[in-house]
Amino acid sequence: MKKIAVYTSGGDAPGMNACIRAAVRAGHYHNLEVYGIVRGYDGMINGNFIELDNRAVSNIIQKGGTILKSARSEEFRSPEGRRKAFDQIQKFGIDGLVAIGGNGTFTGAELFYNEYQIPCVGAPGTIDNDLYGSDFTIGYDTAVNTCLAAIDKIRDTADAHERVFFIEVMGRDTGYIAVRSAISGGAEMAIIPEFPYDKNVVINRLKHGTSDTKASHIIIVAEGHQEGRASMIARDIKEALPQLDCRVTTLGHVQRGGGPSAADRVLASRLGLATVEGLLEGRANVMAGIIDHKVVYTPFIDTITKRKPINEDLLSLAEKLNGRSYKV
Amino acid sequence: MKKIAVYTSGGDAPGMNACIRAAVRAGHYHNLEVYGIVRGYDGMINGNFIELDNRAVSNIIQKGGTILKSARSEEFRSPEGRRKAFDQIQKFGIDGLVAIGGNGTFTGAELFYNEYQIPCVGAPGTIDNDLYGSDFTIGYDTAVNTCLAAIDKIRDTADAHERVFFIEVMGRDTGYIAVRSAISGGAEMAIIPEFPYDKNVVINRLKHGTSDTKASHIIIVAEGHQEGRASMIARDIKEALPQLDCRVTTLGHVQRGGGPSAADRVLASRLGLATVEGLLEGRANVMAGIIDHKVVYTPFIDTITKRKPINEDLLSLAEKLNGRSYKV
Amino acid sequence: MKKIAVYTSGGDAPGMNACIRAAVRAGHYHNLEVYGIVRGYDGMINGNFIELDNRAVSNIIQKGGTILKSARSEEFRSPEGRRKAFDQIQKFGIDGLVAIGGNGTFTGAELFYNEYQIPCVGAPGTIDNDLYGSDFTIGYDTAVNTCLAAIDKIRDTADAHERVFFIEVMGRDTGYIAVRSAISGGAEMAIIPEFPYDKNVVINRLKHGTSDTKASHIIIVAEGHQEGRASMIARDIKEALPQLDCRVTTLGHVQRGGGPSAADRVLASRLGLATVEGLLEGRANVMAGIIDHKVVYTPFIDTITKRKPINEDLLSLAEKLNGRSYKV
Amino acid sequence: MKKIAVYTSGGDAPGMNACIRAAVRAGHYHNLEVYGIVRGYDGMINGNFIELDNRAVSNIIQKGGTILKSARSEEFRSPEGRRKAFDQIQKFGIDGLVAIGGNGTFTGAELFYNEYQIPCVGAPGTIDNDLYGSDFTIGYDTAVNTCLAAIDKIRDTADAHERVFFIEVMGRDTGYIAVRSAISGGAEMAIIPEFPYDKNVVINRLKHGTSDTKASHIIIVAEGHQEGRASMIARDIKEALPQLDCRVTTLGHVQRGGGPSAADRVLASRLGLATVEGLLEGRANVMAGIIDHKVVYTPFIDTITKRKPINEDLLSLAEKLNGRSYKV
C-alpha cells in the first residue's frame, strides 16, 4: 500500500477532525502518501482530492465539523456514480480508503468494495452511537455533554417556575443520547424509540409527581422518526393535565457541533490510527471500533445490519435512582 | 425603614440570584431586616415570606434561576388580589419592596404603589434587554453568550455541510439578543421585530451569497410574536431557492438558564445594592438601572411605556462588516 | 442490613456528589435508612451523622465538591481514634458503610474493617485515576476535560507568540491525567512519573522542533513528588536553549472542581448503586469499580497495593501521531 | 488613503482576531487595500506583510490569539530599527496603520509617528484593562470570565475542605481583573496593587472569619510586580495562623487565551471599524476607545501616561456586600 485517501460522509460529528488528523499522521508514520477527499462520495466522483501533509492537519484536533466537508451523494447510489468514483481513485493511484461516518457511509463503502475491491476501513463518526462494533462512536460523548449543559441550564428555569420541560434530543432509531443525557442530567423520564410510548404512563407519573413534593420535571425525548415528537407528547400531557405548565425545547443541531471532548479526541485518535494500521494489515470492508478498550474490526455488513442494544444496566440504573423505569 | 422584602417575578434570568444576594447583604449592611417573598406576587398574596440572613444567600451568586422562584399571578391583576397582598405586607411589617423582573413585574408594582404607597424600587431582571432606563438588563449578557456558544457550534456543521441555518433566538418585541448574537457570531443576517421582514430581500442576498464563494450562511431570527418564526422564514426560502440546504434551530429556554456571566453578576450586584440604597434615600416607584456606568433611577411608568431603541451604531457596524444591513 | 452511612474522604473530585446521590437513592430503593457522615473519618469519630432522604440529594448531581465535605483525619490513624469511630457507628446503629475516596480512604477503611467488621464497600473518587480495580475513577474524565480546556486556551497564546509552554497537571505517582490531556490536547510531549526524565531528550527534541517549521510547543508535565516540577524543567531548557521563549503554567486546584462531565455522572451513579447493592449482597472490604463496562468488586488491599499501569496503547498512539515517544 | 496595514503587538488578548477582522472588512467596505503585518514591529522591520481579503478573515471572530502573531521587538526601540520599518512601509505603499495592543504598542507607535508621520490609529487590545481612553479593553471581559470559571471551580474544593484559597490573577499595575473577578466570584478579599498590602489586616479578617461560621475563604491576589505574590502572602498567613489550611493557585496564561466573549467580540468589532474610519477622517497618533458606549479617540501620549483609576463604585460595592473593604 502506497497511497491512501480519507473522507468524511453523512452527518458531521465532533471528533471527525481529530480522526482525520490521526489517519493522516498515522499514514505518514507508516510512510504512506495521504489524500483527503472533499465532500465525501460526491468529491470521490468529482475527483476532489487534495494531498494532506502533517501540517495540513495541525491545530484541527480541537475543532468541530470536518475540514474535509461532508455531503450526501445521490449519484454514488447508482452503479454509474460508483464507476466514476472508481475512475478517480485509479487516476489518483489510491490503493486504500479510510471512511469516517455512519450507517450510510458504510453502506456505500460496502457496495463500492464489493464492486471494485479497493480496501476500505471505516471509523464510526456519528453522534448517535448506534453502530454495532464499537462501544462508543466518535462524537457521542461530546453530544451528550452538550445536551447535559442544556439540561443543566433548563433545570434552572424549570425549578424557578415549577414547570415540566420536554427536551428533545437527537436519536432516530435509538435512545443512546437520550438515556445517557437523562441519567447524567437527573431527568425524571426518558422516552426512547426502543420502547412503545404510552401517554397514560407519562400522565400517571406526572400526576403522582406533582401530588408529591416535586414541582418541576425534566423529560428527555429522543426525536425518533417524527420531527417535533416532544411537542406532540407535550400536547398529550397538557390536554390531560391542563394545570401543568409544560414547555418544549428542541436541542437540534447544536448537538452536532462544538469542539470534541477529551474522550472523543482520544477515541478519534485511536480509531484514526486503527483504520490505517488495519489497511496495512490487509483488512478491508470493516469498521474499526473500540470494544472493552481494545481495537476491534467488524465487517461493514454487521455494523449496518446488527443492532447494538441500549445497555440494560443503564436502564436499570435509571429505574432505581428515579424510582421509575425509562420503559415508558 | 426597618424591614424590606425582595421578590422575583416574570421570566427568570441569570443573575437574579446575584441581585437577591446583593439586596439582602446591602439590607443587612444598612441594618435592615430582609425578607424574601417566594413565587412573586402569588407569594405576596399568600403570605409566603421567609427571613433571609447573609448565610441564606451565600453561594448563590453563581447560580441561574431564582431561589425565590417566580410565577405569573392572575390574582394580583385584580384589586382584591392586591388588597390581600397589602394585608400580608402589613402583617409582616414590611415597609419597603425590592422587585426584580421585567415589564409585567413593574406594571404590577406601579399599580400596587399607586394604591398602597409601599415604597418599591425595581431592578431590571430579564434577558431581553428591552427595558428603558438601563443600558443592559440582568441576564442579557449571559443570554447572548449562550446564543453565541450555540452559533459557534452550529457554524461547525454549517461549514461542514455548506448549509443555510436559521437560528431562532428570544425577543418578542425587540431584536437585542438577535443583533448582539449576530454581530458577535459573525452571522450573515439578523431578522428582527424592529424592521419589516421582506422575504425577497433575504432571497436576493442568499442568491448573491451562494453564487459567490461563500457556501454556508447563518441567519439569526428574533422570535417576535409568532412561535416558529424561523421555520416559517425557512419555508419561504426553500420555496424560492430549493437548491439550498436550509435548517432551523430554535434555541429556546436554554437562553434563560445557566450561571451568570461576570458582567451580569457585577450588574446584578450593583443594582441589588442600588435598590436598597434607593429605598433608604426615600425613592419609590422607580427602577434602578445603569446608564453610562452610573446608577440611574427611572420611574416605573417610563420603563414600561418608553421604548429603548436598538443601538444604531450596532446596526451600522453589522452593515459595514457584512456588507449588508440587518434592516431586512 | 437496615442502616447505612456514606462518607467522602481525601481530595475531592467532581462526581462525588453524584455518587452520594446514587448511594442514597439506591439505599432508599432497597428500603434502607441512609445517613451521611460529614467530614469523613473526622466526622465518624465526632458523631457528625445526618440522615439523608431523597430530597436531600436532589439537585446535587451537577455539583462539584462534596456536600458531605472531606477532611484528612490524623486521629483515625490511631487505634483510639478508630475505637471512637466504632462507638459512634454503634450509637447510630449503622450496619454498612459506603466510602467514596482514594488510596488513603481505603487504607483507613481496610484497617477499620479488620478491627470491627462493619461491612464497607468503596467507590473510587479521585481525579488521579490511579486506583487498581476500575478502568476510570470518578472525577478523572472531568479533570482531563478541565486540563484540555486550559491547553486549548494556552495554545492560542503559544501560537501567537511562538512560545514553548510547560503545563503542569496533577498526578503524583502516575501520568494518567498528563497522558490523556496531552493526547487530546495535541501536545508535543508529556513528562510523567512512570519514566525517568532526561533533560537531554527534551532539549534535543525542542532543538529539532524549532529548526523545523513548528515554532510553538506544548509540553505537559505531571507534578510528580516535587512541587513546581514544570518550573524546574523549564529552567533546564532555558539554560540549554536560551533562544526559546519558555513559559510555565501550573493548573493547580481548578482540576479538582467544576460540575462533573456526563461520563463522570454516569460512572458515579453506577458506582453509587453498586456500593449499596454490594453491601446487600454481603460484600465487604472491597471497592466497586467498572472494568470493561461491568461492575467489578476488588478487595481494598488490592486497590491500595496493586499498580494500574498506563495503557500502552495510549503511549504508542502518542508516539505514532507525534513522531516521538512520551517515554522521555 | 489607499492602503492600510494592521498589526498586533504585545501580549495577546482574546478578541484581537475579531478586531483584525473588523479592520480588514471596514477597510474593504471603504475601498482600501488592507495588509496584515506578521509579528508586530519585528514584521514591520522585516517586511513581513501579507495582503488580507475578506476571506482571509472569515471564521476568525471566535478565535483566541492573533492570526497575525505578536512579538516584542528590541530593534524597533532604536532609531535604526524604526528607519528600516519605515522603508518597508514605503516599499509596500502603506499610508495608514492600525495598531492593536497595549502600552508598549502605543509607545512604539507614538515614536514612529513623530519621526515619520505615517498616520496610525490604535485599538486597545490587552486583558489588563489598564489603558486610559476606553472603559474596557479588548480581552478584559473574556479574561475576567476565565478567572471566574476558575474561581467557581476552586470554590467547590474550598467548601469541601474548608480551606483558604489564594488565587493569583494577572495585573501588574492595576487590580482591574482582580476586583471584577473578586466581586463576580463572591470572593472575600482582593489584594491589588492600588493599595498597600498589610498582612495584619488580612490576618485579622481571617481570624474573625474563621471564628465565625464561615470556614472557607477565597482571596484574589493581583500578581503585581512580583511573581508568586500569592504564594508569598499565603506564607505570611500560614505563619500567623497555622491552623488554617491555605492553598495557592496561580491562574497564569489561561487568562490570555480562549474564544472571546460576546462583549469582547462586539467591542473588538466596533473598535476595528473605528480605527479605519478614524484614519479616513484624518486622525493619527490616537487610540480608538469606547467611553459611555461611544467611540472616542484619545492621543497615544495620554493612553500611555494617564492613569485610569479603578471604579470607586466597585470598591464600595465590594465593601458593602462583603462587609469589608478591598483596600487591604
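Quick notes on this structure:
Letters A, B, C and D mark the chains in the order given here, with residues in each chain numbered from 1 onward.
Everything below uses one rule, namely that contacts are C-beta pairs under 8 Å (C-beta built on N, C-alpha and C of every residue); 3 or more make two chains touch, one makes a residue touch a chain.
From a predicted model like this one, the values you see are computed outputs, not experimental measurements.
The chain with its Cα centre farthest from the Cα centre of chain D is A. Rounded to whole angstrom, the centroid-to-centroid distance between chain A and chain C, based on C-alpha atoms, equals 29 Å. With centres set at the average Cα position, the gap from chain A to chain D is 40 Å. Shared interface positions of chain A, defined as residues touching 2 or more other chains, are 152, 155, 159. Across the assembly, chains come into contact as A-B, A-C, B-D, C-D.
Looking at the complex, you find that chain B touches chain A at residues 8, 12, 14, 16, 63-66, 69-71, 146, 150, 152-157, 159-162, 165, 247-254, 256-258.
Touching chain B in their complex are the following residues of chain D: 21-22, 25-26, 29, 55, 58-59, 61-62, 135, 141, 144-145, 148, 152, 155, 159, 180-181, 183-186, 213-214, 259, 261-263, 265-266, 269-270, 273, 292-295, 311, 313-314, 317, 320-323.
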